[in-house]
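These are the structures in question, set out in turn.
Okay, so chain A shows up in both of these, paired with chain B first and chain C after.
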Partner chain A sequence: MPDYVQRPPTEPYRSLNPTTKLAIALTEALVAFVVRGWTGPLVVLAVVLATGLRAGVWRAFLPFLLATLPLIASILLVNTFLYPGATDLIARIGPLAPTWTGLVFATQAALRVIAFAMSVALLGLTTRPDHLIADLERRGMGRRAGFVLGATLRTVPRIGERAREITDAQRARGLDTEGSPWRRARGLVPLAAPLVFGALSEVEEVTMALEARAFSAPARRTPLRSFPDAGWQRALRWTLLALSLLAIAGSVSGALAFLP
Partner chain B sequence: MPWLSRQFSTRVIALIPVAIAINIVLGYTVQTVLKLPIYLDSIGTILVGVLAGPIAGAVTGAASNLIWQYAPGIGGGTIGPFAVVAAVIGILAGLWGYLGVYRSRPATGSRLWLSVVVGVAIVVLLASRIYNNPAYTDPNIGGYPDWVFTAAILITVVASLAVAAFILVRQDTAGAWVAAAGALTGIVAAILSAPIAAYVFGGVTGSGTDLIVAALRQGGADVFNASLGQGLFSDPIDKTITSFVVFIILASLSDRVVARFPLGERIVNPAPAPDA
Partner chain C sequence: MTLQLAAATYRYAGAAGPSLHEIDLELAPGDLLGVVGPNDAGKSTLCLVAAGLAPATIQGQLSGTVTIDGLDTRSARPHELAQRAGILFQNAVTQLSGTSATVWEEIAFGPRNLGLARAEVIERVEEAAARLAIADLCARDPERLSGGQAQLVALASILAMRPAYLLLDEPTSQLDPQGTRLVGEALAGIAARGETGILITEHKTDLLDRLCTSVLVIEEGRIARQGAAAEILADPGLPAAGVEPPARVRLMAAARAAGVELDPEPP
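Now for the complex of A and B:
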């Protein structure tokens, strides 16, 4: 449905200003990584899941969760079995010696990654990128930064799609993409070269198009749409900033050591 | 500041999203799909740094990591906190651009062989610095399995041969400079990314390089030194390969296209003056 026909969302989280949602996501990411081993990740995970449930994106979390599985598996295996200096064995299975210390460390690291991934997923599922960029531009981020962000978000899927097309075309011409690592590495050049040169040839045209639309003119532009922003949201953003700084300070100085 | 705004001309602004997209797509393909123990996610960063300048390169690098982290679809993973390292790679690339490292320098005969010797000497010197790094040899930190040293020697030999072949086949002494720039960038990147990998992620980042970290931990190294050891293994190789790729890209683009970028004139060989 076209943008101008859609009704603005009414659910409490979705109707927040895009910048507020960004501030929430950044704070969640920071707290998950900075506040101790169990507290930060678990609190963030709880908040994200509750917000996601309220916003109705619970089911959509699943693909994001699945995408982190290889990383989680890697973390759990490497740290449980190979944590140096740990002596509290869980069991001894032949040459393998998993330890409780390693398992605890691994679980905490895995929770951090999941909490972070979920907070990113929440932001991505409830906020349209072009709305976020338009709002940041209105706040003074600047036209050039807005263009770079928006163009990148559009270009990445396009180049990924082109990479798939080039891969298919080269495979139809006999390129080997499933052999040994050496053969796979050799297959990189016939894939990367058309991709890179195709992308670079567009740069000249894009430059001319931007200049024709007065991209580098110094005058201020009037935004077409603005997003509702209330005083309490502004206060919330500043509070989140203060919270982040306090979290960093508390973590560095050891003041939060009483938390698990 | 005119120096800063010159680095961000409209052409550069148009190039940056393409460079970021190249970083993300190639990096994702190599790390996640092919699972090779290299990253190959800095081609765009170094390209922008060399063509536009250090700040533009830094912006490209940092933005690549942050956008990749938060991108809907292929986002997630562990790439975000390394944005600082990517920014430094961009700054270094701007430095190499200023110094004209990536300019083609055709030569023949003794000058060519001299550059082969210099190139191989630089590769061997940097490899020996890594070889003798306390992260590998200090018994207090942890003994590393012997295969690490054998692998390091083997890779040094292969790299030297590759650099020499490159210089001789293309009859271009720039190969030595490009190899040196790439190896230096790689070492700096490894030193900067080891603390981030170790303390933020416990040494595991979900890419093919985790195998190397696991193997080094097996030998008894702690998380930081295993990450540093893995970094000094993968990063110089990765950045040297990237450096050569960028050099080949720049050499393949037409002079007309390259010269319009802010630092383009340092890459293009000036045409001989026409006879009056």
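Now for the complex of A and C:
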């Protein structure tokens, strides 16, 4: 087997078993949303940023952070200005009445979104999709589920490339995709149709190409590589599961209400 | 041991009429059969039916019989057929699994699906890559290849299934001259071994002129002419059937019109 297929990572966090990294990401995302107040999102953000720094990927967090900006902006605006029942005004700006309660709630919600996005980003930046799928398949995940997961992860950048190609083609035929938000929004229509219909028209050929390579064969897929899975990693995954269940139980029962 | 179509008539699901009518055809290992015809003549359908993908995967109605080494395609499961007849489509991009990080893993996709031992997967991948002289591409990302390279990887992925027959549906239609040359040379290398029966549909008759021993012309889903490649490709009726004769034939005709006789043997 060539080295470039084996590719054992050397950095400690990257060299964790892919399923352990998935379990960490899922636990972080869950804690960020389930543990109320500031504690959940801030603890998760601290852990994720420290891990990202240690793994040398913290600079790559920026695009993921930028991707959350539209959602963050809408959360901040809606909650700060329209929080139901809040009376502690920050200021009155004409008909607008931002409140401290709304701002606090919005900031906490925004931090949850950022913590969630960063935990997913950390997984994506330290784990190759094919490694994760291979390890999940080894643990019994079905071939089709693995394919859908893998194809989805690899399709996202391809869709971006295709969208750029279609945009260039539409621009070459005079479509105006620059300027005001309204003009940009109008430009989405001629972009979306070829993107969606193009993808759909390929489905049949992709299906046939997969069948031509025995995709539906009943045999278990041959694993190409194995990933280290020491006893302490298995223990860590069980601990994370227990922690997640405790966080849910604590949140539902109100036992975590003392946290800031 | 042949791939055989006997009175094969196929109609796509929802279509008003058949796209193939009463096709009789036989392909043995070592044969190199070219198929030409205008657009919508039924060339791609012929490949799908011969590979057993139609009707197994895309439904439709098939009458007559299609057998691959005696196995009726209607009673076989797709993965059983995949090991007997490999099919290559026009668009290289849709043939890549989209899940592999390297070309090596892309070629291994099919053998891995069969659940073969790891050692055999490795052997098949390396043999397929060596046969097409693409070992230097194996470490590359399959999404970052030129059209010709991607088509060679798709072909290697099919070869790794070790089929006795290859059905190639306009494999160079989206390729530039360099890509066409790469694929043409690869096919010539496979053909030279004489172990694989190859059916290739093409508009580029120069490629068929170089590769094929026999050619059939398909029009409106029916076989209109069939015979030795040199004879069929030199048929003066070919342009009327929507097929441009190869450059060699056109040159001969032009020379003849100018009163010059050239050696009619293909190079």
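Operating definition for what follows: the second predicted complex is superposed on the first by the 221 of 260 C-alpha atoms of A that agree within 3 Å, B and C clash if a C-alpha of one lies under 4 Å from a C-alpha of the other, contacts with A are read in each partner's own complex, and residues count from 1 in each chain.
Note that in this section a contact is a pair of C-beta atoms (placed from the backbone, for glycine too) under 8 Å apart; a residue touches a chain by one contact, two chains touch by 3 or more.
Note that the structure is a prediction, hence the values are computed from the model and not measured.
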Touching partner for A:D130 - first (chain B), second (chain C), both, neither: second
Partner chain in contact with A:F215 - chain B first, chain C second, else both or neither: both
Touched partner set for A:F147, first chain B, second chain C, both or neither: both
Which superposed partner A:A257 touches (first chain B, second chain C, both, neither): neither
Touched partner set for A:P223, first chain B, second chain C, both or neither: second
First, second, both or neither for A:V5, with chain B first and chain C second: second
Partner chain in contact with A:V206 - chain B first, chain C second, else both or neither: both
Which of chain B and chain C A:F64 touches, first, second, both or neither: first
In the superposition, chain B vs chain C on chain A residues touched: B
Which of chain B and chain C A:N79 touches, first, second, both or neither: first
Common interface positions of chain A, toward chain B and toward chain C: 129, 147, 151, 154-155, 158, 202, 204, 206-207, 210-211, 215-216
Complex contact set, residues of chain A against chain B: 33, 64, 67-68, 70-71, 74-75, 78-79, 82-85, 105-106, 109, 113, 117, 120-121, 123-124, 129, 144, 147-149, 151-160, 163, 181, 184-185, 188, 191-192, 195-197, 199-200, 202-204, 206-207, 210-211, 215-216
Residues of chain A that touch chain C when the two form their complex: 1-2, 4-5, 128-130, 133, 143, 146-147, 150-151, 154-155, 158, 202, 204-224
Chain B to chain A touching residues, read off their complex: 8-11, 13-18, 20-22, 24-26, 28-30, 34, 36, 43, 59, 63, 67, 69-78, 142, 200-206, 210, 213-214, 217-218, 220-223, 245, 249, 252-253, 257
Touch list for chain C against partner chain A, complex: 48, 51, 53, 56-58, 77-79, 82-83, 86-87, 89, 91, 94-95, 97-102, 104-105, 108-118, 121-122, 138-139, 143, 154, 157-158, 161
